[in-house]
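What follows is a pair of complexes built around chain A, which joins chain B in one and chain C in the other.
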Partner chain A sequence: MASLSTTSLSFKAPSTRISQVLKKGSSFQSVTFGRFTSSTSKSLRLQISCAAKAETVQKVSDIVKEQLALTADTPLTAESKFTALGADSLDTVEIVMALEEKFNISVEESDAQNITTIQEAADLIEDLVQKKPAA
Partner chain B sequence: MVSRSEVLSLCRAMLRAGRQYPHYNLREYTKRRTLDGFRMNKNLTDQSKVNEAYAEAKAQLVVLERSVKFHSLYPPKTKNIMEVKLQ
Partner chain C sequence: MQRSLSMGLTSLLPLKLPSRMETHLWYIRPDEVKCASLLKHYSQLLSPTEKDRVLQMRGDELKKNALLARTLVRTTIARYQTNSEVDPRSLMFKKNKYGKPEVDWQNYNNCNNPPLHFNISHTDSLIACGVTVHVPVGIDVENKERKIKHDVLAFAERFYSADEVKFLSTILDPEVQRKEFIKLWTLKEAYVKALGKGFSAAPFNTFTIQSKVGTEGCYNLCKTSEMTISSLEKTEKCYEEWRFALLELADSHYGAICTEDDQAGGGGPMRVIIRKTIPFVEDELISESKLL
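Moving on to the complex of A and B:
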């Protein structure tokens, strides 16, 4: 019985090694992509971070307007800072909570503390919404 | 010594905990009350008072989490009228 168990173990071991090699292989591929096309990947990243959809920005602006009780004609651009619109840090917390509920996402502590403008909020939302279905 | 970011984290934690109530009225009350509570003490300058308020809020957070678990055992059977979208 002991011999049987050892043989079964020996069968398992190579399969795990193979899977590890496969995983390593895939990671190597990603590394080479990074090395060869590092400049383009960096620029791609920049594009992704700037290109939050206008629709998302609009939804964020609507929520901000509602939370801060702004009149309909206050100038609200993507680069507007929350503090410039009259929000204090508690208002910002409230806004982030409202955004979490609206988009059904979960913002981390560290991310939540760094949101200062509407554009940043929209970018973070896009990022999280993209990651969610993949997970 | 309680820092600004700790206070904001506590506020966020309380709001998040309050969101888990299955009951509309408890959810809304918790949200309103935590924001009002934090806003009331927003302008405290005396550090000892700030620490006191922080400790109080922390104790309330423990109570809140326990309460959420308890209320989740008896969720409401029908949707609250306020949660129904206007048609």
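Moving on to the complex of A and C:
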């Protein structure tokens, strides 16, 4: 999962990375990607299915920035720890509530306590959104 | 160079340990510590790991507060050495199996190490450290004026116990309601931290903290019995072995303290001795207790 995360998040040189991975993955195509067309966007989506989409990470970052009243120039990455940004336990709980409202999910208290970074929050959200029964 | 270190810096005054019935509460106000050379002196007390953690904080203010928090813990504990003076730099810490920090006395050979427990809490404008002997302690401080971004009752319904929601919903003034919400938060946090088993061991909605009827400043812990949670009648067991104190600190913060009552202390309310400090500069005894 670690290598997938790195691949999915390193958007600095996406085309080279993706084409490399696709080349590597070509032998697996019949197994892993067999059901899907090998269009770039669909393969990209599969490859990052184990790590949250950048869009989710961005939404989580926005909520965190708002809750912690961070200035625009505060350096913030997916790996930023809430505590390093100045969040205390009350902030973390408020962030979880805001995420529940934004994504229309319900977070178990035990899961909520394990969220320490923006990436972890985004991963959990995507997991819960996927598991939701169709509305 | 020597002048900046020796200028105005006093050594840490040694103190007697708290008695079994007491909690000592020390606090520091970051806005009162501005001197760069003093901060540099503090940073020299920290272990390499602690220094790394301070540097990981994003922003100068957060870094300073993280530095002050570690300084407060080290200097506070170092004051209570009964035999010989202890260099705050030499203290070592470990975590219990749930992640709660404790003093690691392994580098002290004598068996007379005080059975000292501590717990720390910080907000951006106040950092506090509670100290007890023999029994675990948990503390939590919050700014009285802290605004909750969500509706207070919605928040309580999501996280607090049913009785606490009931209590809060009877309060009509939103300001008073917000303040009571925060007081409850600090009390609940203090309990979970005293328990020292992580938040999953005591989810907030499984216990109620309420004022003891007919007493001032005394609180009770009651837990909803898990066995009967599905039945219409919930039995609640009140736990006498946890004591609480709720204080006002520096006119700006609520501070809650929770300690285990090991019965050897003889029962009775917790006695709290509050001191404000700027380590190596000045200590101020605030009052015996200012219970809410």
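Heads up, the rule we're going with is that the second predicted complex is superposed on the first by the 82 of 135 C-alpha atoms of A that agree within 3 Å, B and C clash if a C-alpha of one lies under 4 Å from a C-alpha of the other, contacts with A are read in each partner's own complex, and residues count from 1 in each chain.
One rule holds in what follows: a residue touches a chain if its C-beta (ideal position, glycine included) is under 8 Å from a C-beta of that chain, and two chains touch if they have at least 3 such contacts.
Computed from a predicted model, the values in this text were never measured in an experiment.
Of the two partner chains placed around the shared chain by superposition, chain B and chain C are both touched by A:109.
Once chain A of one complex is fitted onto chain A of the other, the partner contacts of A:93 extend to both chain B and chain C.
Looking at the shared chain after the overlay, A:67 reaches chain C, while chain B stays out of its contact range.
Within the superposed three-chain arrangement, the count of touched residues of chain A is higher for C, of the candidates chain B and chain C. Shared contact residues of chain A, touching chain B in one structure and chain C in the other: 88-90, 93-94, 97, 109, 113. Partner chain A is touched in their complex by these residues of chain B: 4-5, 8-9, 11-12, 15-16, 19, 35, 38-39, 42.
Residue ranges of chain A in contact with chain B, taken from their complex: 88-90, 93-94, 96-97, 101, 109, 112-113. Per the touch definition, chain C reaches chain A in the complex via residues 56-59, 62, 122-124, 142, 146, 148-150, 155, 158-159, 185, 189, 198-200, 203-205. If you check the complex, the residues on chain A that touch chain C are 67, 74-76, 80-81, 84-86, 88-90, 93-94, 97-98, 109-110, 113.
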